[in-house]
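Here is the structure we will look at.
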């Protein structure tokens, strides 16, 4: 592989994540996929190895690393199972609002639990009528003395039902539009908060996706992230700046895992008295897969490092990373299936799962169409006078 | 200090030694082998590998001189018993002991330790013992290392046997490891071959290492007794001859030496394992290729039809299809039955080391390239779920004919 | 509770191959790992320490690269490590090795429990654990598959363990200090954690040689070893036998014809 000058600590994270992926995830990957099962044992192994604390500050029991460290861990897990990496990345997505905008008490209360991996988080933004149009959330949070009453529905929520801590995007003041949106922390089993149906998905099936239902759910104002109304939209945008590279990391991992399997297969499979890897057509396919994966990774790492340096203006670049890496993953996994030929279409072989898993990365956390729009608008702003 | 050196005049720089060194202690410098003494463990692999005899180990045989080696006579066997029943490996050891004793012109003795076991001593004589030393005491009813060690140490001190053999059972191995220290004696575990070097008058012990990929020959020329453990079913049982005569000698147990730091509380027989696979002559084993726990019923049927036991590879045990007592392999049990049938087992080295010395190995696997076929005497490439039912049918036919 | 775990670094058996030309083991690029059974010993030590408080130390006797094994143990959660290394120790058989380890444990002082893996996958003798117990005159329990209970506040302090035997398991009571050797059934070893790996990286591991242990020269190394290896050879390779392919009816018939006499 191309080397990226990782620090010793980053190499360690990579090693630990890979070991868990190979020993605790790979043997069960097919089973979790087939049965739509939450990978509890993998989550426990990851928690025990401190992977959930990778980018949480040391003050809250984490390792104090940055987005780059998170991406390295995420990629190693995705290389073996895109569904399990979604569980990992989605928990991170869920805690980002607290990390970005939480009060000190909120950070202390929740980040420590999340760093230990004893609890998972989930991010509740998407609604049936508010997908790409994120500002159009209909879930309301009406103030009532020291409380807010939440009413509404979220759907397609990753880690829904398995997470203990949910960060929910709600409308606190309709008249203010985007400035009338706030975020709340609601815990599982809180009165008025229940789960709806579990989605039966094409891919990333180890990740549980559920509806969240809020019916007169009373939460204390201490649960309002940042302690002030109207900060929600900015928090969501900043959250995505950090979480989109995480999606990109998953995509790069899935692409990497797929093309490793494809190369190994091409070497073993013999037709016309030779390994198919000796055919130029296959060789060129493999070369393209490798090149695109490295290019995707390079873009991702550059963006992650930019975020870690604390620079402003990262949004279009996070968008680029997410969009490009997920497109690469789709292409690489599809070609990997192609290289496996007929066997690539059969569930007994692991490759078809990679293709099914890859598709989601082009869709969630902002469809690639939205990502492109973000990039384009930024270009126009920057380069037109 | 012991020394290993390269005889540079003989060294041709072929680097065979370098490639065979287990700890990578050898480098080639200017086409001559150079050994890093800080890394070298003096295992001797390079000495064997070198075709030019260019490496030599000088084994300085200093050390606490064994006092009066010539006074040590007799080939002894540890007569292990459990609940008053003699463990069958003892009969195998007696067979070998008679051979060794003949070569050394000496007698065969058995240490028989326990409580209320004396009536079984005669059986040991029928199987080849010339003398049976019986040590009985309540404290010895159940095996505890410390008490048995005390009893053996006293016997050895009194009678000075030159060789002691014990079965490589959990008891045997624990006991002799401990005795070897208190007697300052050499002990070799899991020997597959034992013979006397008549010239030197010493026991030569051959055993596998590195999981059976290498065989090592070991001696303890300067220490007595020379001790060895042997795995079950490696050596043939001694024949039973009721006309044999021998001596049964009562030896007291020095109760002052009773060690109360260990107490036996209870024994729980494993409910699920109906046949101890270490004892079985025929083992039918299943691996990941069996697909699931429900399919092991087929293996049970096949084992029943053949009068054998069911084993499993680590993959099947880790998946929870069978309890650990059925595991065959490096971290499970080592078996050497007459027939070992590996079903849906790929043949990873960690499994092979647990069964590769079986007399006849049969493999059934749908992958023709599975490594198991390399060690199998017979193999069938096919789907276990289709092959095994047919095999059961055919074997039942043969057995009833 | 003060626990010592004795571990050994061994070659990874999966990688061990025979060179067909020279008939010896190929060791190039063969990884060194912690002896698999010792992983269970390490894990059990960590679990007991978590339950009863105290400290767990890992020791090994081996060449300089054995320090990697010690660091791996620390990354799993062991507190400290000691490396026993000295040219004088080279060539030690199990008698001398167990003496060296025993002397080191003695030097450490106030040890409540010594845990070893059942056996090492290169030597396969299972002698060092009991050997250490003998040198230190500790009660021992081998093939421990479970630690049922530990009573640190009674006098004498005791431990109840289950030993895995051929036909079932035995329950025994041991007085502390004691030594146990463990089998695979005892636990599931954890993977190293990031915090653990960082600690392992920074850990200072003292190296003790014979000047620290002061064992008489004639009791270590080749001189101290009652047994000597005189020859190493590879066993005759199995050629690979008769393989039947085709329809199950035929293959089964073929096989049964071959083996019916030994059934």
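Quick notes
Every chain is named by a letter (A, B and C) in the order it is written, and numbering of its residues begins at 1.
By our rule, a residue touches a chain if its C-beta (ideal position, glycine included) is under 8 Å from a C-beta of that chain, and two chains touch if they have at least 3 such contacts.
Here the structure is a predicted model, which is why all the values come from computation and not from measurement.
Arrangement of the chains shown, judged by which pairs touch: a linear chain-to-chain path with two open ends. The interface with the largest number of contacting C-beta pairs joins chains B-C.
Chain A and chain C have centres, each the mean of its CA atoms, that are 41 Å apart. Taking each chain's centre as the average of its CA atoms, chain B and chain C sit 18 Å apart. The geometric centre of chain A is 54 Å away from that of chain B, both derived from CA atoms. Contact residues on chain A toward chain C in their complex (touch as defined above): 8-9, 12-13, 15-16, 19-20, 23-24, 45, 48-51, 53-54, 63.
Taken together, the chain C residues at the contact with chain A in this complex read 190-198, 201.
Across the complex, chain C is touched by residues 1-2, 16, 19-24, 37-45, 48-49, 59-60, 62-64, 144-146, 149, 169-171, 173-174, 177-178, 180-182, 184-190, 204, 208-223, 259-270, 273, 276, 278-279, 306, 324-325, 327, 330-332, 338-339, 348-350, 353, 356, 359-362, 368, 373-383, 386-387, 390-391, 394-395, 398-399 of chain B. Contacts from chain C toward chain B in the complex involve residues 11, 13-14, 16, 18-19, 22-28, 36-37, 63-65, 87-88, 90-91, 93-95, 98, 121-127, 129-131, 133-135, 139-143, 156, 160, 163-175, 178, 184-185, 217-219, 221-235, 238, 240-245, 248-249, 251-256, 258-260, 262-263.
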